[in-house]
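Two complexes are shown next, each including chain A; its partner changes from chain B in the first to chain C in the second.
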Partner chain A sequence: MHIPDGYLSPQTYVPLYAVFAGFLAAALRKLRKSLSSKTVPYLGMAAAFSFLIMMFNVPIPGGTTGHAVGAGIVTLLLGPWVAMVSVSVALIIQALIFGDGGITAIGANCFNMAVVMPFVALWVFKLVRGKAAGGWRVSAAAFLSGYLGLVAASLVTAVEFGIQPLIASEGGKPLYAPYGLEIAVPVMTVEHLVLFGIIEGAITLLVLRYFLKNDPESVYVMKEERV
Partner chain B sequence: MNSFQKKLLAGLIVLAVVAPVGIFLPAAFNAGDAWGEWSTETLEKMIGFIPAGLKKTADLWKAPIPDYNLGDEKSSFTTQALSYILSGAVGIALCALILYLLSRFLFKKDD
Partner chain C sequence: MNFIDASLKKIAEVIKNAYVHWETAERNGFMQRLDPRLKVLFLLYCAVIISLIKKLPAQGAVAVFLLILILLSRLDAWRLYRRIAIFAFLFGFLVALPSAFNIITPGRIILHVASLSRAYRFWIYEIPQQIGITAEGSFGVAMLFLRVANSLTAALLIIHTTPFFEIIRALKVFRVPDVFIMTIILSYKYIFIFSRSVEDMYLAMKSRLAVPINRSAARDLVAGRIFFVFKKSWLRYEDTCRAMTARGFTGEIMLYHFRNFSAADAAAGVLFILAGAFFLLLQVMI
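Here is the complex of A and B:
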């Protein structure tokens, strides 16, 4: 899901840089208010977790590969603003040091995986969990928040790819990403619906259960209700 | 850092050590690039040409460790696997460092 350089036209990646910058500024303001000495070590670990989990490429036999992002579980544990900052840091390191995702596409990639995904994950979790304090509803909410968070990120990414032939072609030939919405959207969303999203959902569920057992006080989404 | 957090850190290091699974599995199942992340050569094979704008921007950036690999695509699996583990370690270190500095900066400005 890391869009490389050359696949997005400037009229796509420049606005996405601006949108991402706006969200990042808001996230840093939120963090300044909520940061405590206990959460500081978690920030670096959240970024590192996301960084590492994205290295686990999962194959569709004979086809493409994909991976989980970890933004869902980071959101459930630490909140969407922390997820935004930590996943963005992981993505920026991947682009600058490892060439995974383009330099011009940093705004787009961070928007897709570090902005869209945390908010969809949070929204889905709250919706499915309702007022449950534990049990199957919390588990279902955790799985679906990771699953749908990743699927939403893949859909937004696919739309960014798919509009390129429409907005940037010359003499009938695409200048950037060559496949239109009718290919990009089904291919990307289906592969995330049937495989990568399930992995993201399972990771989200397992890690949340681990935290609820060992450090329940620090879990962001369970804490909110008590305030 | 409390003992639970130390345990988590150990877990992250384990993830980095087993990360080569992420290059082994795609190779074993004959899976290629992620969708939309093709090199210009691969794309040319797929559609018969390299889009003009893409050609101009594709190689804009020379990453120090491209594709988490210190060798190249033809390097032995051992070289690639060790590069991958090292990349994971570099990732952990940079994530920790950047977020530590960022939180110090955010804390300092707090009044």
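Here is the complex of A and C:
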């Protein structure tokens, strides 16, 4: 899901940097208003938590292990604006320390995983949960928020890949991501629909259930007051 | 590898990477002596030049230039290129390889692979009668491979020659807000503290497990560990807030200033600009 350098043309990564910068500025403005002097330590904590979630591998059927992107569960626990900033920070650290995700693709990666995923996760959770305070509706809402959040992010990523042959090729030669929409969209979406999305949804559900059982007060989506 | 070992491996990698970067950034090499702002600007400039180059020899010239910078910076080239080769092979070659075939990239076939009795068409997909690797497709794979390899080389060159906090602080040249820069710096420190906690937690768990744990129990266990990390992060956040307030922090952030650019920085800056212009010119001349 982390787009490396070389896959996106400047026509794609420059506008995505600008779009992400706009969302980030809006998030920081909103959070500084509500958190005032606690903004930096709070966001620092949230970003470290977002980064560490990706360190936890869970066993999945077939004998292998997988981990979550974590944007869905961070959104449910801390809210979408905090998730946006904290997941972005985690992605920037990953790009700068591990080379996971390209430098030119930071804007695109942050847009896909720190903007699209948290908001889709939140909307899906609210829609499915309705007014339920617990039970199967909350469980279904938690699973689907992680699942559909990741699938939506993968769909946006696939579109970014898929438009490259249309907007940046030379005499039939692909210069960036070589697969068109007809290949990029089904391949990316199907693998997230049948595997990665399920892992993300399951981890979101497991962690949210644990929080609701042990410390429901700390869960953003179950609180009346919104940060 | 079970879920405990997989998690431990990742955490160990975080800690190891940070120490390796810290050690290489302290060496007395060419890039290490330059101002971090210049290096961050160079990284972005380099990434843009690499993404703009559309000719293979020009990408090759960039690769040679980056290799020279790596050697001048006294980095372990073998270790660095091993990592680059694995990543570029996976994301620049293997992922792109099917696009070399005329099923995906039509064009002049340079290597015939198979013949079908007739061409097939399903909805928007078409399989031609003659299947093979095309010149256009193989160019695309080679270009993507070199571009991914060069971009990663440039990124690793800067990461290994600049302390992490200096890279982040240098983001100020792009007018990144101070609050965001401080958040990254604080978060990085937290990551280290908590990575050690998570590592200790998993090692303790591993040492107590006498029999394999079933999948359902393992998933509950992981959920519990995530909960624990969250609570620990929250306590650390509250402690940090109290400590900052006690020292008179009111929310105003002041990052200390950089030193002025030296003559060596200016000379290196000119060299980088000229090199970039040369690579762009090279593809026009070829």
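One rule holds for everything that comes next: the second predicted complex is superposed on the first by the 193 of 227 C-alpha atoms of A that agree within 3 Å, B and C clash if a C-alpha of one lies under 4 Å from a C-alpha of the other, contacts with A are read in each partner's own complex, and residues count from 1 in each chain.
Methods note: a residue touches a chain if its C-beta (ideal position, glycine included) is under 8 Å from a C-beta of that chain, and two chains touch if they have at least 3 such contacts.
Computed from a prediction, not measured in an experiment: that's the story for all the values here.
In the superposed pair of complexes, A:G130 makes contact with neither chain B nor chain C. Judged by the touch definition given at the top, the superposed model places A:G172 against chain C, while chain B stays out of reach.
Of the two partner chains placed around the shared chain by superposition, chain B is the only one that A:E191 touches, whereas chain C remains out of contact. In the superposition on chain A, contact of A:T104 is made with both chain B and chain C. Of the two partner chains, both chain B and chain C are touched by A:D215. In the superposed pair of complexes, A:L77 makes contact with chain C only, with no contact to chain B.
By the touch criterion stated above, A:L24 is placed in contact with chain C alone, chain B being left untouched. Of the two partner chains placed by the overlay, chain B and chain C both lie in contact with A:Y42.
In the superposition on chain A, chain A positions 4-7, 9, 28, 32, 38, 40-49, 51-53, 55-59, 61, 65, 67, 85-86, 89-90, 93, 95-99, 102-104, 170, 173-179, 214-215 are in contact with chain B in one complex as well as with chain C in the other.
By the touch criterion stated above, chain A contacts chain B in their complex at residues 1-7, 9, 28, 31-32, 35, 38, 40-49, 51-53, 55-67, 85-86, 89-90, 93-100, 102-104, 157, 161, 168, 170, 173-179, 184, 187-188, 191, 214-215. Those residues of chain B whose C-beta lies close enough to touch chain A in the complex are 1-2, 4-5, 8-9, 12, 15-16, 19, 21-23, 25-26, 28-37, 40, 43, 47, 49, 51-68, 84, 87-88, 90-92, 94-100, 102-103, 106-107, 109-110.
Contacts from chain A toward chain C in the complex involve residues 4-10, 13, 24-25, 28, 32, 36-49, 51-59, 61, 65, 67, 73, 77, 85-86, 89-90, 92-93, 95-99, 102-104, 170-180, 182-183, 202-203, 206-207, 209-211, 214-215, 218. Residues 1-3, 6-7, 10-11, 13-14, 17-18, 21, 43-44, 47-48, 50-52, 54, 83, 87, 91-92, 96, 99, 104-107, 124-125, 136-137, 139-141, 143-144, 147-148, 150-152, 154-156, 159, 164, 167-168, 177, 179-180, 182-191, 194-195, 198, 215, 218-220, 222-227, 229-231, 233-234, 236-237, 240-241, 244-245, 249-251, 253 of chain C are the ones that touch chain A when the two sit in their complex.
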